[in-house]
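Pasting a structure here, questions to come.
By letter and in written order, the chains are A, B, C and D; residue numbering begins at 1 in each of them.
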Amino acid sequence: MVDKTLKTCEEAVAGVFDGATILLGGFGDPGLPGQILEALRSQGAKNLTIVHNGAGGGTHSLGGLIHDGKVKKLIASFPSNPGNQSFQERYLKGEVELELVPQGTLAERIRAAGAGLGGFFTPTGAGTDLAAGKESRTIDGRDMIFEKPLRADFAFVRAHKGDRLGNLNYRMAMRNFNVPMATAAKFVVAEVDELVPPGGIGPEDVHTPGIFVDHVVQVVRHPEYLKITTEGR
Amino acid sequence: MSLTREGIAYRVACDLPNGAYVNLGIGIPTLVSSFIGPDKEVFFHSENGILGMGPIAKPGTEDPDLINAGKQYVTVLPGASFFDHPTSFSMIRGGHIDYAVLGALEVAANGDLANWRTPGEKVPGVGGAMDLAFGAQNVIVTMTHVTNKGKPKILSKCTLPLTAPRCVKHIFTDMAVIDVTPEGLVLREFAPGLDPKAVQAQTEAPLRVPASCREMSVPANFQQTAQPVR
Amino acid sequence: MVDKTLKTCEEAVAGVFDGATILLGGFGDPGLPGQILEALRSQGAKNLTIVHNGAGGGTHSLGGLIHDGKVKKLIASFPSNPGNQSFQERYLKGEVELELVPQGTLAERIRAAGAGLGGFFTPTGAGTDLAAGKESRTIDGRDMIFEKPLRADFAFVRAHKGDRLGNLNYRMAMRNFNVPMATAAKFVVAEVDELVPPGGIGPEDVHTPGIFVDHVVQVVRHPEYLKITTEGR
Amino acid sequence: MSLTREGIAYRVACDLPNGAYVNLGIGIPTLVSSFIGPDKEVFFHSENGILGMGPIAKPGTEDPDLINAGKQYVTVLPGASFFDHPTSFSMIRGGHIDYAVLGALEVAANGDLANWRTPGEKVPGVGGAMDLAFGAQNVIVTMTHVTNKGKPKILSKCTLPLTAPRCVKHIFTDMAVIDVTPEGLVLREFAPGLDPKAVQAQTEAPLRVPASCREMSVPANFQQTAQPVR
């Protein structure tokens, strides 16, 4: 019988190696695998490349990982929120690299990796500073730039429900980057609120089919979830 | 006289047609949703995977899984939908969003938009700004007419890095409503108490003033006698 | 108030003009907008380019449209099923053009159009007869070919539930090409089993958000649906 | 002796590991699912948007909205999921499908596969064949060892148009199990009653016969004394 469940977040991150590239799901807190992230912080791997929309808040969560000096490079669309102090301090000291990618391009590059595509042309960014060094061409009268797929060694995502086959269901705005990220890494683990038996997520309600997911770990939401998460985003 | 921030948002809301799909940026744009009258349905999109957003959640009713792109706790209306980022940005890049209402640092006479890098800002961030500026059917800019140092923001040519070239269709400020046309900027309306000359004086790029140019119709509570909004 | 519902399938096809390109959803019968298709057949527009996975069966449905000589060109992946007589007869007489596209490439080209992309590189087909005339390059050591977006004037799709805002929900295997097709045409109409009020499809259960859909028309499934549909696919 | 069609499918089923994600083509491949023992879970994918397919639907229980890629009415197992074509082919093209079991007209010693255009066929159709051949982690071919005219189908070089170059990893026929390796074709097993020489006699491409090469272990009901399967 297939059983993709893990008992702890420590197991989820045990294989992360120095220099690994990690897709980190979530947009703000919805869909952010916060407890896997805390386990990753304790695990100790360094020189990480993190792909995430933002740069995390304060000195916890992704902010904590950066604060600890574990992150070599961030690939993000919006690391400039006032709450992103850890990143900003290290970035200004030249201790973290940044690859800035428009949000939709970031999502699409991750999707392209998961879909086995070699890249795509997009209008977004053509003729701007973010087109620097990128191949460009005019397609149907529109200036476009070439964007490459973005794949990773690990993807950590958060869903609402999961089953032992790796099927995932997201509540409300949790889907965000998690859906493409779950398709684009060699090793994918989902943190979920609730483990259900197969069929507990109806076949029409599976947002990430189990084929994409290596492991699922159930966590108890922090009782101060809402309070904690309103700061530092 | 000039418009308050709410006044600018109100004036934009008046122009959004029934059935429009609209993405609102952070700042003044966010205020637009509260001024959609009961006579029309306008659908608000959030980059993080929401269509059909309702008002900001009331204190105590926030759902931790439901925020907008500005990270505020929000609500959804009947008929809303949730989806992932690739789908959300397909809506944007694919031209399905009818109106993106965005803030701006500078707008040029040809519609060039600069709104993603502030002068002196050391850590860059772009978010969904470029996607919206390149992708939406109509880019509407809301902003104060001049900087907080009194310098014009509507220019012959942008000095800051562009978000997207030739994308802005309409500009709504505390002083005016301006359309970007192939023939340049056209002053459609000026704030109550102003006149075209007063607007031009605060606008570096030349404005055409058609015969149809008129004073805005905005309720008194959205007007202020003080300096224009900073 | 927004009301995207139509009363009849005739209204759905009223605007179809000679020479139009039409995305036709469905794979086999699930998701095939059969009643809009019959209305289209009666409507009389000709020189149509139809994009569909197959070529329809017998002399009804898409087969009927081809039988009637209304189709100038078919863009499909699998028009060679023994049941596709109408297409095959006309194709062999040189009366219908065929653009043959691998199934996954067909779906992705339609998606790219809806997503505003300028095209993508894919390994599928590289080095085969279907790569003829296509730009090729090696990406990350893999031979790839360039594929262009495929957009249309009209898309006709079928869903299970729909609401007046155009939101659609599909049962089981109905989603197939309908989801990308609904994003990639200027005018999109969905045939649905059931019209529900807004909210009647939960926000997590909307598979095609209303933003993509111009009109929805409720139809009564043909009582012989199952019987009819087992032939000629 | 040679294997029946069911015997070929059975032999493939024996090799599929627990937890594998598998796409089955039309013909002999379709039969594979019935031979997965209760000791393992294998997940069957259908191009039209199904993962976790169960058996063909029993007469009278067919659901008109639930067919497989071969247009048969099917069922789903608990834990199944439905999705759209872009997602389904992301699974295929993205290398998420562990095994594609496909029929073939010809296979070459270097793994080239020809299975989409039959000689003399006037109307071409490709369906998902190329996507699967290019995308799946492991392409397994099931076929009769020779054509119905007795000609070898395992060749030094394909004569028919390719579906994909160098994609086939394993070949299962009524006579043999053959692995495609960088050093060429390796005969892993031969049907009961045959020997490597008999297999080579029906194989145009040279076969390497390692010391580990052995007779297949297949129940007697999957064997036939008649001519090989046509």
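As a working rule, a residue touches a chain if its C-beta (ideal position, glycine included) is under 8 Å from a C-beta of that chain, and two chains touch if they have at least 3 such contacts.
Because the structure is a prediction, the values reported are computed rather than measured.
Interface comparison, A-D against C-D: more C-beta pairs in contact at C-D. In this assembly, the C-alpha centroid of chain B lies 36 Å from the C-alpha centroid of chain C. Once the centre of each chain is set as its mean CA position, chain A and chain B turn out to be 30 Å apart. Among all residues of chain C, those that touch two or more other chains are 108, 111, 115-117, 122-123, 170-172, 203-204.
Residue positions 76, 82-83, 86, 89, 92-93, 135 of chain B each touch two or more of the other chains. If the chains shown are joined wherever they touch, the resulting network has some other arrangement, not a path, ring, star or complete graph.
Chains touching one another form the pairs A-B, A-C, A-D, B-C, C-D. Residues of chain A touching chain D in their complex: 1-2, 111, 113-117, 163, 165, 167, 183, 197-199, 203-204, 206, 209-212. Touching chain D in their complex are the following residues of chain C: 27-31, 76-81, 84, 87-88, 91-92, 98, 100-105, 107-108, 111, 122-130, 160, 170-180, 207, 225-226, 229-230, 233. Taken together, the chain B residues at the contact with chain A in this complex read 46-50, 62-67, 69, 71, 76, 82-86, 88-89, 92-93, 117, 121-131, 134-135, 161-165. Touching chain A in their complex are the following residues of chain D: 18-19, 21, 41, 43, 45, 51-52, 76-83, 86-87, 89-97, 135. By the touch criterion given at the top, residues 108, 112, 115-123, 137, 139-140, 142, 144, 148, 169-172, 203-205 of chain A touch chain C in their complex.
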